[in-house]
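Chain IDs A, B, C and D follow the sequence of writing; residue 1 opens each chain.
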């Protein structure tokens, strides 16, 4: 890692793979980056990424309390100096963790100076300069960048979907710069998350016009990306609600409908977040399967919600069922190209020590490593995929093929139905399949 | 009404409009069919419809108990005779209620004979013959028909999306006949509700292939409809879950994505059900606005869920806020053409008397009549629409128009943003607007 | 109102009652404080209260954005001076609004000085001194006080239920002082809201021991209250979750169980909050009825949640059904004694103007005024209460009375059952009753 | 097993323990009844029970479809003969599965003859006679019995809480007989599940009177139990809703409040059902911990809900986290005495084969066997319990002990707080603990 005057995580050395029997909480028990599973190294399967906002900047405030975390990099009175130190801490942390990628929002890595776009951009460039240097020194790469279009009061009614054209204009300028610095850092993608692109009440909202504006905004970004030669992947990130009552990028199918309607489906893929899926009433697995089936699965924000809580808890993913299903879909759909597994997760408000940041990421990475191993067993052992193939095998008959090919109509099928009795269909064996799944989890 | 030997609702005469001060529970206090509101009679605004399944056939069983309702038309040992009597009761009920439309599923109006498609169709024709006669005698029309593809065990794993091609074939034959009898009855539309078009577990499901089959099925129906000259509107009805864990027609945006992907968006509109909206985590109003904004609002299944219960309670709509919002969206979007307000609602299991069926429908119709009057006030008084127009007025500026027209890019907007400070944007006045809304409710 | 050098709401005069036809958004249309409904003035029915935390201190930050509100009283560099100005603004606001009560948390009205309890208490006394003076000048009274035991990091794991005895000790000292200043201000009650009295995970929690500590804490408070002669009512406020995963005062029945187990049921009543009820999966009406039926209904935190959102949105109450049901229960149970209707509600983050604070409270007060009028109609008209009385009338028979009195056993009833056939029971007429309710809403 | 003319599960032999590496889906991989874990055999830890209603009687109907299951024991025209055959199938199934207990509702095992209580009881006695014989032959015991007070229309408005005294009287007679036959069969307990003891709307409900009646009913049952010398444990089973909108036995704390208020807390314990817990917004683990901490944990209805579905899905338990937490609480609290783990779970509607009933139970038993092994590791390894003990260790100080003992008051603690600074408290290490938990799962 980079040589810095200050070490921000002095008690922690590089996290090593110690194997499943280790009792060292600060070691990997399953994630072995160069171990090959299903024909590819774990490192390449996951393309793990650390997010800057939660790990470096989020002090743990919640609606009922102030920040609690001990964040030694956040000291100093000059905001740019603090920003530079925080960036150094970021690369120290990621290096020690042994992760290959990071992600950021523009306003997280550098301060905004009120009423002074030039100064704001200049400070951003300063911090980006350091980040680029640290990337070079450590080999850590940028998975994706993004712009924060939801914290500032000017975006309180939305950015691209604001009723106020000036907010759109500001967002446009901010996104232009964010794409530029993402490009400068060699980012492999860029994410649009519509923090407040939605509404709190329809009593003051022109929903149709807001959708149109959002599409316009994205088209402008697509055009701009081409104009500067940035060939990173664009993503849109579904979320159903929070902070607004309804967000337009509600879930993967809402994004899919939107992208199709506005001619954007070839330009953006989805960045699926687990907790956003569950807030929308879907399983994480469902959202991934839907996106994969429709060719729009791009990247993943890995975390976990609490199914009994109605807000974005952004917990670290530890449920082995969730990680298994996610990796199964990834294995089936060919895995990531530009995307990766970004831990959009935060330590609990009571996890106040720098050490907790390591526990959290280690747990998440090990959970995905186990999920990958289980998913590989599902695929290799074959009992579940074979059951599915067999279940649909009547569609591989001549009649099935002709229907799939569009060669028959209702009137053609009517006499066939009249001939064939169909009192029932075979058991779906859900319980047996759930038992087999449990057999693989070990 | 029609002359029948038996009167099934002997204690109830034709329901009259008695005005708001009436204390007669079996009279309308607000629904006055020929009263003109916002330039159209109430009758034409609502195009109210009674659904056959809940009103005539649903005895009130729930997962923990048997049927409870007193349904005198359900006596007799010959199933066809019972079916004919039930149809007579249906027209007696609708006539007394003063509603203009009805809706049905094929298997609700006539019995299915196991292993005998021909006999089943013949019995269906018999009942349809009586229905046609009663339509002629009463002037009641068919809003839409549909096929029941979810009760029979053969459809337990889906119909159009069944893993078993024979189930698809049976569904195709059944839908062909259902479209034919809908056509025969002069139906103004036909609804596809994917009762079990979804999955219980992804462990046994090929999601992508099932979506393809669903699209194929609908294309076959579109082709068939044209082939017989049926020009009624096709609808698809969103529902997120129940009876399956996940239904493919999840919500309006999921349907919108699906229709676009498979080239069906010009052939089907949506039949939005209130309770299905809330089960999907949306307000009824949202689903209507989304459909209207995307040109796919077709018809409405009017009911109400209990926001604290997670299943389709199908209660009669009585919440004046819900009916107001629905009618506001309808007024703004031009109202129904082929669609209407079908009461897909059932009396509570404890509401066992035939009289309760009247209370329920009268309450729903009056609630919509009041909602229409409030919505008309919103539009005519103008304070809320004017507030919205003013809120978006910066988009009517030259800059706003150029952005909307696609004439500017991110790089054009950047210098404008740098010039204009934007510390905040105006108040959205949500509370004031909510107060104005309450002023209209009286 | 009091004479102050600065007027914080210069554009708004005292809010007047203008009657239902007024189009002045800054006037009451239904709340007429001295109008008598059901034998008591509206003022005395409601005992409306303004909460200091949301109205004066909450700038509108949410988990995704900073504060937005324009709060002119929050200027100045000396925190005590700011606190005094804020208190002046509070009394100006309440005076102009015409409300009779206010409520506060200790740390909202005066700043905490780190590591200096003496200075913190001294500053609190200074602000309380001004508050007492302003109470005298305006006639506004204190409904209840409370201590903030959830914002500071020392309480991150709970206060009375903290695993760390020092946190308990600090909470004890803070509550002692908060009760003292409540007493000093003539408060009619004191509320315990267990902001973080719960857990985030059972993996690190001794649930039983935490319950015991909570009970101990409350007993100490009860003893202290007596020792200083404070005869205000103590309340505990149910909330199911947020900020923690599970809060021990989950809902009214959880509080009821707790109070009974630990011998506290004679010492504390409940302060029921509407949004907390719905987060717990109950209707607001249910929680009120439960508390009333068990003799523990004390006071109300009036607000509203969004039934589709899983967090405490604390919106102002405007739903006429909710206000009707609440007032119906209050009318039936005799109304408030020491309690009142405290608006624990906040303007939306986009409602940034001081004026919005008036819209919000006016809307809430008018909604409750209408709810009271509807509830009075329910009671006076009698159709609904009479239906209920009739429905249970078989319990007023001799057999019913003997059962209720405990004079018969199972063996006595068996022969009676064997004699009486009971194929069904009468209709519950839910739809008819819902229609009658709607008739009253106008 | 018993010699019967007919074998209902001919394709399945006695299920054997084959060890973790077995690929035989009809073998146990973890449940080894006589293996000793944490000092007790698995058999004695779990006291597994099969429920009659779902396994033998539930054909798979749901609100949108008829039954689907192949149930060969349900043939025949004489209802008593069918009932006897079904009882034989029940004991064949349980014997082959190797489970030690069963549970039943009165109306599941024998038919009700309308208007003829004597005949109904006589038929019940006939079936009970066979059950007693089969118990003797197989060694299978009765965990508990109960009465079905929710299917029949007479109970549509409740049984013990019905507004109609005759429904209460019928329920009393039915429960008397159900207790008698439970006693006859040597049942170790008796469960009260208030199927419809709740309300659908407060518009027609006297909540307080209904609670009183429920308490009266239970007191009568307690008295009767003593009068006949039945010393089995009484249980009440919490459920928040469904079929009613609100059930009075909402969750464990609601039951706890009720039992305390009415002097029943020494007479009834709780039968906690996993899916009922999650419907109430609690984790299964929470409900168990709450009951254990309050000395009212009696028995368990083992199943699983779908956290994204709002009804009682009653799936078989397979989630290893859930089974681990349940067994951890049981180990800590001393385990079952009269209670046991009853599979109140049903095969999915698409799992139509008799074989599926075996898959389902085997999966559930293996999941609990693994949960027990993981829980035993948690206890034996000690890292998690030690962390908890350490976390609360300040309460073991002199000050902590004095507070717990009630020897100090607020005024005593104030000076201590003033002396001790408390800027924060230690990390709760949630992520580390979650990682350790995952280490144990294998």
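Note that contacts are C-beta pairs under 8 Å (C-beta built on N, C-alpha and C of every residue); 3 or more make two chains touch, one makes a residue touch a chain.
Predicted, not measured: the structure shown is a model, and the values here were computed from it.
At the interface between subunit A and subunit B, two copies of one sequence, more than half of the residue numbers in use appear on both sides, so the contact is built from largely the same positions.
Rounded to whole angstrom, the centroid-to-centroid distance between subunit A and subunit B, based on C-alpha atoms, equals 36 Å. Averaged C-alpha coordinates put the centre of subunit A at 40 Å from the centre of subunit C. The set of subunit D residues touching two or more other chains comprises 68, 153, 156-157, 200-201, 241, 281-283, 308, 348, 350, 352, 424, 426, 428-430, 434, 437. Taken as a graph of touching chains, this assembly is fully connected, with contact between every pair of chains. Across the complex, subunit C meets subunit B through its residues 20, 25, 29, 68, 278, 281-283, 307-308, 316, 318-321, 347-348, 350-353, 355-356, 359-360, 362-363, 366-367, 370, 424, 426-432, 434-439, 441-442.
Subunit A makes touch with subunit C in their complex at residues 62-68, 150-153, 155-157, 195-196, 200-201, 241-243, 245, 279, 306, 308-312, 348-350, 352. For subunit D in complex with subunit C, the touching residues are 114-115, 117-118, 153-154, 156-157, 162-170, 172-177, 179, 200-209, 211-213, 216, 219-221, 223-224, 227, 240-241, 246, 250-251, 253-254, 256-258, 260-261, 280-283, 285-286, 289-290, 292-294, 325, 384, 387-388, 391-392, 394-395, 397, 399-400, 403-404, 406, 408-411, 413-414, 416-418, 420-426, 428-430, 433-434, 437.
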